[in-house]
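A, B and C are the chain letters, set down in written order, and residue numbers restart from 1 in every chain.
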Amino acid sequence: MNRTLIVLTVGALFAGTAAAQSSVTLFGIADLSGRSVKNGSAGSQKQLASGGLATSRFGLRGVEDLGDGLFARFHLEAAVNPDVGTTDTSKFFGRRSTVSLEGRFGEFRMGRDYNPTAMNTFDEPFGLVGVGTIGNFTYAGSAALGSGATTVLRNDNSFAYFLPSKLGGIYGSAMVAAGEGVAGNKGAGGRIGYAAGPLDVGAAFFKTETASNTDYDQSNIKAIYKFGFASLNFLYDTKKFGSLKRKMTMIGTTIPFGQSEIRAAYATNNHSGGAAGSGFANADDSKLMALGYVYNLSKRSAMYATVSRITNDGAARASVSNAPPAGMLGGEKSSGYEFGLMHRF
Amino acid sequence: MNRTLIVLTVGALFAGTAAAQSSVTLFGIADLSGRSVKNGSAGSQKQLASGGLATSRFGLRGVEDLGDGLFARFHLEAAVNPDVGTTDTSKFFGRRSTVSLEGRFGEFRMGRDYNPTAMNTFDEPFGLVGVGTIGNFTYAGSAALGSGATTVLRNDNSFAYFLPSKLGGIYGSAMVAAGEGVAGNKGAGGRIGYAAGPLDVGAAFFKTETASNTDYDQSNIKAIYKFGFASLNFLYDTKKFGSLKRKMTMIGTTIPFGQSEIRAAYATNNHSGGAAGSGFANADDSKLMALGYVYNLSKRSAMYATVSRITNDGAARASVSNAPPAGMLGGEKSSGYEFGLMHRF
Amino acid sequence: MNRTLIVLTVGALFAGTAAAQSSVTLFGIADLSGRSVKNGSAGSQKQLASGGLATSRFGLRGVEDLGDGLFARFHLEAAVNPDVGTTDTSKFFGRRSTVSLEGRFGEFRMGRDYNPTAMNTFDEPFGLVGVGTIGNFTYAGSAALGSGATTVLRNDNSFAYFLPSKLGGIYGSAMVAAGEGVAGNKGAGGRIGYAAGPLDVGAAFFKTETASNTDYDQSNIKAIYKFGFASLNFLYDTKKFGSLKRKMTMIGTTIPFGQSEIRAAYATNNHSGGAAGSGFANADDSKLMALGYVYNLSKRSAMYATVSRITNDGAARASVSNAPPAGMLGGEKSSGYEFGLMHRF
């Protein structure tokens, strides 16, 4: 009755052939943490939270070797919230749903996928999740700046081209997304980077057409340097809609030792161009400090602890809870900590 | 961390026994195409579309050998739209969800499954999907003719019996569907056919009880003849509710050569019995011409291109987009083409 | 294209090592029955029903051996209704979604899981499903007694500890559930039992905070004794909210012989404390008698037949359909039978 999925292909198992002909992988992450947050006047709350170290998910992906260096790939990935048993009700496979043709020329990929600028933000020390993530700045609190853009993190109806992997360290991609009559869906952008030895630098931008004449623009630069004992991360991310701007600057580090890892980040979130008191005025800035510890039980399972604190100026309402809870006022502090268990499958 | 699903059973792997005892299969299709459609006054639109060659899906199915020629089977199949990451929100496993007991006597199958008449329409050259399908006639534009029948393509709460496969070419099934108090759900019908050598002919009907005293009736006849170099397909499909009638006649062909395949279809959709201007009057007829090319990269992956054109008379509004978009007027032309990648797993 | 999931791990297959390093299991049940119910003035209805012998479902679960007797586990389980193709739209993995760390110390489990009192009700002869289940008393008809508690059967945001399995027959668990600002979600409770030889006795309670000052209390006691030829089951289950009480008492038996099994249960459901005519008054009691036969086609597949009858006194409206249908009046009889096929995968 119990069946386990095995890392092997039919061809390899039976014929001992070297070339795998096809594979389907069932994969996922289940990550839950005990979390305590305090959000100014909204007060404190104890929670069981999903995805403190990595977003809980499950998915199917596969690759078929078509010969001549050509591969067909697919990837369907669903978000899961094991704290309450829910999935994404509007977009079940909303994390990614793509079909690809890959060859020596690179990869053509179609479907719903990450925006090129989002791909530069994955490497922050807290992996875009949990109380300590800069996602609390970059992807929260109306990151679309009221533009109605649906492309802040991922794009529907996208066509992308990725450079092949063997280009002497250069990597990159270009993406266009069809609007199909939906305002804020249509856009284009790209990403270019260089990774060699200890260094990885990249830049990306994405321009989205909105219902108005004004485009919504995302751009960022990342840099990672791996010292012998630690990695140093830098990220500068901007979002712009007309006169409204959000600029996030992060410096972080990851220090592995034995089965453990210490993670830390400091980030600022600067608004400009908004009316006084709107949360997007010059005075409405925020700062984040986060510290984390990960103990890897294995390559697939880890326990972790994170503590984070956000200070808000003016009418800024950034929160370690990602979306600020009702009752939290502009300019108030937000802090939280969590202790969790993450398991990959 | 990566695991691949293998075509084998526990028994076969370990004991070298000939008889597979049970199996579960994770299967699916990811199919996306770049599509351009033009629908009269609604204008043109460029799209990333799901399922141009075969409906994108994923599912689980399994079979257990109970001995004595008896098998238990299940089948759960979900529609997926990888262009935007969605599934069917109202019926997740809405494509099929059945449990079966199969033996030398045939198969008893319960659950949600295709209507017997739908099974005769699968073999049209375009496989009921994409811009070129006769599904744009048969299953679109209020195919229930205002009857409220929910049984146009699939039936909830169905009990079906399928003839065993070894009957000298004769195949067939009978189905009843319980209403369970929901109007338009209750019905009964069947299918009978003969397939031998190059010939395959079949007929089917299904009668659905509606909220009124009038039944909704579906019936069709299909014929396929496989020449040495090509297949010729014919389908005549009628739907009837009181005085309202829709008659679809299709002639099509599939010409395989090497790894390629050329597909073509011509179809007419004739309405009668409706009020003038309703789209269901005698004058409200439509014609479809479609041409396609498939290049099979492997047995599981293909690239394809399709071009299709529908002309509408009177108030008819048939569209290559299946449902006519807002703004398209009666009697206007609809045309489209697509170029896509399909991958089975 | 077909792939079967195999009961083995990568380590075991390739290296012949004794210790399985990890496994993922895709599992489920597809169970459909033809059912006929008669609910007083609501009349009779013929149905195709899901889960007459065991709830239809599918899920993923896995375990990783972390060494030193430590294991990481996850479990994601979704309800499925194959009669109509639906899943649970509000909580896809609503049956269970947990992550665990297990060791010689026992198991720490987080997520959405069964309430400790629910775990004592699994062993009733009809397995909490179908027309004959005492779930028609215990978990139906406003089992929350108007308290707004969401913890009747399962709890969101729960932290649980389970005793290790080798404690000389003693088993047990404790659970707290975080409220996270949602009324009726927060609670705490536990379960303790003793299973040795033919005997298994257990008791459990759970206290839920509600929007009012009054708690909602669940408690029960179960006892199972396995004679040589049969099992005898006893369950006493109470739910209490202020002056309102529901007390369910069940005695049942399971008699296996060959590939068959006979199941029978008699239960009473007693209300008290409610206003006259409310369905919760002293006079509003119900009785259930159910008889079932199971024929196991294999270890994984079975055919079954169940017949059940509920008599209601006063304003009680308990139904073999679980929720009483519209039109059924207080004090009316409810009866039903079903004949089905269950397949585990």
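Simple rule for what comes next: contacts are C-beta pairs under 8 Å (C-beta built on N, C-alpha and C of every residue); 3 or more make two chains touch, one makes a residue touch a chain.
Fair warning: this is a prediction, and the values are worked out from it, not measured in the lab.
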Superposing the C-alpha atoms of subunit B on subunit C takes a rotation of how many degrees, nearest 5? 120
Since subunit A and subunit B are copies that touch, is their contact same (over half of the numbers shared) or different (under half)? different
Using mean C-alpha positions as chain centres, tell me how far subunit A is from subunit B in Å, no decimals. 38
Give me the residues of subunit A that touch two or more other chains. 3-8, 10, 24, 26, 89, 92, 300, 345
Over in the complex, which subunit A residues touch subunit C? Could you list them? 1-8, 10, 24, 26, 28, 30-32, 34, 45-48, 58, 80-87, 89, 92, 297-298, 300-301, 303, 341-343, 345
Would you tell me which residues of subunit A are touching subunit B in their complex? 3-10, 13, 22-27, 60, 62, 64, 66, 70, 72-74, 76, 89-99, 101, 108, 110-112, 156-159, 178, 180-181, 299-300, 344-345
